[in-house]
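To keep things simple, chains are lettered A, B, C, D, E and F as they appear, and every chain counts its residues starting from 1.
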Amino acid sequence: MEIFKIVLLFSILVSLSSMAATTSVVDFCVADFNYPVGPAGYPCRNPANLTVDDFVFSGLGVAGNTSNIFGVGVTSAFDLTFPALNGLGISMSRLDIGVGGVVPIHSHRVSELILVIEGEIIAGFMDSSDKVYYKTLNKGDIMIFPQSLLHFQVNVGKTPALAFVSLNSASPNFQTTTTSLFANDLPTNVIEKITLLDAIQAKKLKRIFGGTN
Amino acid sequence: MEIFKIVLLFSILVSLSSMAATTSVVDFCVADFNYPVGPAGYPCRNPANLTVDDFVFSGLGVAGNTSNIFGVGVTSAFDLTFPALNGLGISMSRLDIGVGGVVPIHSHRVSELILVIEGEIIAGFMDSSDKVYYKTLNKGDIMIFPQSLLHFQVNVGKTPALAFVSLNSASPNFQTTTTSLFANDLPTNVIEKITLLDAIQAKKLKRIFGGTN
Amino acid sequence: MEIFKIVLLFSILVSLSSMAATTSVVDFCVADFNYPVGPAGYPCRNPANLTVDDFVFSGLGVAGNTSNIFGVGVTSAFDLTFPALNGLGISMSRLDIGVGGVVPIHSHRVSELILVIEGEIIAGFMDSSDKVYYKTLNKGDIMIFPQSLLHFQVNVGKTPALAFVSLNSASPNFQTTTTSLFANDLPTNVIEKITLLDAIQAKKLKRIFGGTN
Amino acid sequence: MEIFKIVLLFSILVSLSSMAATTSVVDFCVADFNYPVGPAGYPCRNPANLTVDDFVFSGLGVAGNTSNIFGVGVTSAFDLTFPALNGLGISMSRLDIGVGGVVPIHSHRVSELILVIEGEIIAGFMDSSDKVYYKTLNKGDIMIFPQSLLHFQVNVGKTPALAFVSLNSASPNFQTTTTSLFANDLPTNVIEKITLLDAIQAKKLKRIFGGTN
Amino acid sequence: MEIFKIVLLFSILVSLSSMAATTSVVDFCVADFNYPVGPAGYPCRNPANLTVDDFVFSGLGVAGNTSNIFGVGVTSAFDLTFPALNGLGISMSRLDIGVGGVVPIHSHRVSELILVIEGEIIAGFMDSSDKVYYKTLNKGDIMIFPQSLLHFQVNVGKTPALAFVSLNSASPNFQTTTTSLFANDLPTNVIEKITLLDAIQAKKLKRIFGGTN
Amino acid sequence: MEIFKIVLLFSILVSLSSMAATTSVVDFCVADFNYPVGPAGYPCRNPANLTVDDFVFSGLGVAGNTSNIFGVGVTSAFDLTFPALNGLGISMSRLDIGVGGVVPIHSHRVSELILVIEGEIIAGFMDSSDKVYYKTLNKGDIMIFPQSLLHFQVNVGKTPALAFVSLNSASPNFQTTTTSLFANDLPTNVIEKITLLDAIQAKKLKRIFGGTN
């Protein structure tokens, strides 16, 4: 009877493994950084070499450093830091916002959900007709920032704020408006024309962010 | 000079509003439940009637009730509860897992990121070759559950656990394996054949979940 | 023999029409504005009522009015003005830029190709690492502005410039940075914090664009 | 003890139904033809009114009529005939090809897999560099016709052929080259120019297919 | 006159080949297994080296071996076995189901259409609210199994059954519920908690499928 | 005070660069032709090596050669000629159509917008029910050709025509009907059957386009 069981087991395993042989193994696609990225993400590591640790990321458990001009620490679980996200269309960032700190106005291709864990945050976005939507969020509140629209968060409470944002891309690529304008060599007279800001204002911010011209 | 300013302003506003007249207003698509849903979601409410409150949801700030057989409370911000998510491909749920409680094994079309806020959770998933990946997660850890694969969470700590999950669909539709098998009228002899479970086991679970046949 | 031909023709027509009866007619989806828009666009008009005129748009043949603060006329063939584009993921705008005029810095979800027909234009964009790419374009040049990134055009020639831009969405929704910040009621102190602009600068632009607070 | 069970059951059902209350019901989207189609398909019927019969289609079990000029019967399970396919991106057609019959050269947006059940069929397609790929298929063979490319099937056996084609759209919309050219009122001199066919040839085919001009 | 023709031909060929020089050759993307797979599939083989045989697969013409615990033979034309499917979003499998055999309950990311060729099959699926839809299918019937939902097939006839399933992915990755639970080292006590199955039942199935713990 | 500024600047730069370190650089994906193309396009060049010249293409500024049988010059900015388009889903071609010249009937997967710059062009398309839509276009007119449908353009004016077409793919792959039929070795008797054209007509066009058999 034991022999029967072993034979049965053997035939099952053969049958199942032959079934497996014809199925692809791309349930997921942990990024292999030995190859260049493409429009859909990085090539996948061989699943045979993966362990559960490839699917877990502990970097968001540590507070970000807020000692900078915006008073904000942004710690991100994106494809580059958490390669298991590659190809799966989701990522997360931790926001530590010091008292009076801000996530400066920025945008990205994809939509974002913020979840406030601690603190009191004014969050808002503008739509393409220039209407602004903003509100004070408290612990447990979530707010949606639709794809591609400018948005921001400001800690207006008396304590540091902690929030997490989820985005539906493994590589959302934040574009911060102020640094895009002033942290490079775009000539001041062009900035004046395309923003209607004054040259003196533009030059002041270029000095802060290292922009030239 | 004031007159000049007013005239200037007027011409700008005319110019800008004519520009606006040719741009669509679908930056977002807050669900209008007066129409049936379609493959891409619900039709959109008129943006003119929206306020910031349509983009904020406070329901995840309240602990879910864990007095049920799984010891878990799942509170969800999906299109039906938070209509601003409609069409944006993202949603979030709050998991309150009592001591010894579980999120039973389930699957959904889209990928999920779990973020542990409090407690000690064993989380895991199986891939299509039946390999299982599981690990104990602690506060601040995140783990990815790739699209469509079976996964679960178990509170293995001594205190209630709190976690939030983000999913890249506004309508992810959890399918729980155990209730899919035993909370309906699928005949026991069919269940036996398609699962290899014993009839006595199937009937026991049917009694718990109200399944017939 | 003629009779034979008629019978043959009849049987063919019956056969072909029965074939047609089982095929859907959604080769295209000219927008029906009697219904609300959804995440994928508007419902489709009945193709039986369409003529070739529904697929042709002549509005881009007329120069736009450049008498505004930016010296630019933008005329757009988007879903709202050219309903045949609905659901097809493409649109076009005509840019008339007066001498010294600009298309102010802006962004949109989708990618854009500019084609210069007349004039000399500095065009540029910033990527998410704040690097700026800009160059003077002349007649016949095209330039790509990748999805979601901030970009701009400035007429630096001695004559009015004419260009056409193609975008891969029927509803691209331009978001102009300057008006998003200053043409609404976002409080000046919030603007200061999220942009690092000075209050005096913010208030000056609010006066121009009608912003309050 | 029975009472205990009932109470337990009740609490479970309450718990499960409250869980259900926050999940969307769009696992599928059986087309509701009371509304117009949109770019992503038809709105969905209320799932509460569906039965298994909505998900089963028996129309492909019947041979198509091959008494037409091409000697082919095409029976299709598309969204319009099998509404459960709506939004799911898949469909199927049955091909009955008489002796010497053909599926004339045609194209469609999506890819197609043919499966030969009976008979001997020459099947082929041309790529965009005009290279042709064709081969005789027999029972059990499958062949892929990549999205949008021209392709055809010819019964070259001595018996009627039976095949099934799967396509990855619920509404693939076949465009038959010959009828597109000759079954309408496109003027013969335009046809000559855009195809390089002779007028006499064009007129001959217009007579067969009812084209004018 | 012959010379004229040759010159004409030559100029045409030059013209056409220069046209070809500016068009991409990715009409299709036959998988090149010398490179790792990525989120969108494998890189493409050079089309210059392809013949029609790369687009035809004969493996579904042979009955699968049903000598296993489920009494089923599944033969698949997926990207790994039929590389021409890569990137085209479609695949097909042949199901040979012995008398009393089953395709055990399983799920996959994408939708599936089954076509019954021979035999009598009970097929069914559960939706995310645990409603089950099942019915006996006969020759010529097709049934749709919507994306990601659990489903199964049972041969309830007196003869072997033959069916073909089409799926709208080149790599659909079946996940079989029973083997996902019992063919690995997930501890029995975790299985108990996440399924509510009894330990004795879990251990019995682990013995069959080689699971440990 | 200068020292303070330098320290401030330094801390900002460190903070910003550490922020940059966690963001992906795939704002765009200029094709790297050292690797094979995949279903989503080519792998990306390292953005650090790109300049603005990679994002500008001047090839459309030059008239195409119209000395060929169709009297048309097609110059294309596709991924292969303008690698910055890779992955961005948009491209453009310049059409120079001599007096009496044509863009012969053809199709491609994606939708196309034509913009007439000079001349008088009859443009048209057929839908899948064989209805033809055609009209004379003049300077400034645009017309949409929906995805995958057969379409054409004929210069019916007394001067050369100039137009630009935009397509929503970086690699649209035109398939010209006449050359697909007659510029290869598809046997004449197969062409007869699948098109209903006469053999003599087929052979005449094969001679022109170099087709054999």
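Quick note on the criterion: a residue touches a chain if its C-beta (ideal position, glycine included) is under 8 Å from a C-beta of that chain, and two chains touch if they have at least 3 such contacts.
Just so it is clear, the structure is predicted and the values come from calculations on it, not from any experiment.
In summary, the chains found to touch both chain D and chain E are B, F. Under half of the residue numbers at the chain A-chain F interface are used by both copies of the sequence. Distance from chain A peaks, on a Cα-centroid basis, for D. A separation of 40 Å divides the Cα centre of chain C from that of chain E.
If you average the Cα atoms of chain B and of chain E, the two centres end up 28 Å apart. Distance between chain C and chain D, defined via averaged C-alpha coordinates, is recorded as 33 Å. Each of the following residues of chain E touches two or more other chains: 23, 25, 27, 35, 38-40, 69, 124, 127-128, 131, 134, 147-149, 173-174, 179, 183, 208. All chain pairs that touch, listed by label, are A-B, A-C, A-E, A-F, B-C, B-D, B-E, C-D, C-F, D-E, D-F, E-F. For chain A in complex with chain C, the residues that touch the partner chain are 69, 100, 102-105, 107-109, 122, 124, 126-128, 130-132, 134, 147-150, 152, 154, 173-181, 183-186, 190, 193-198, 201, 204-205, 208. Chain F meets chain A in the complex at residues 5, 8-9, 11-13, 15-16, 18-19, 22-27, 29, 32, 35, 38-46, 86-87.
Listed in rising order, the residues of chain F touching chain C in the complex are 20, 23, 25, 27-28, 47, 50-53, 55-58, 60-62, 77, 82, 84-85, 88-92, 111-113, 115, 117, 124-125, 127-129, 131, 133-135, 137-144, 146-149, 164, 166-168. Residues 35-40, 65, 67-69, 74-76, 78-81, 170-174, 179, 183, 207-210 of chain F are the ones that touch chain E when the two sit in their complex.
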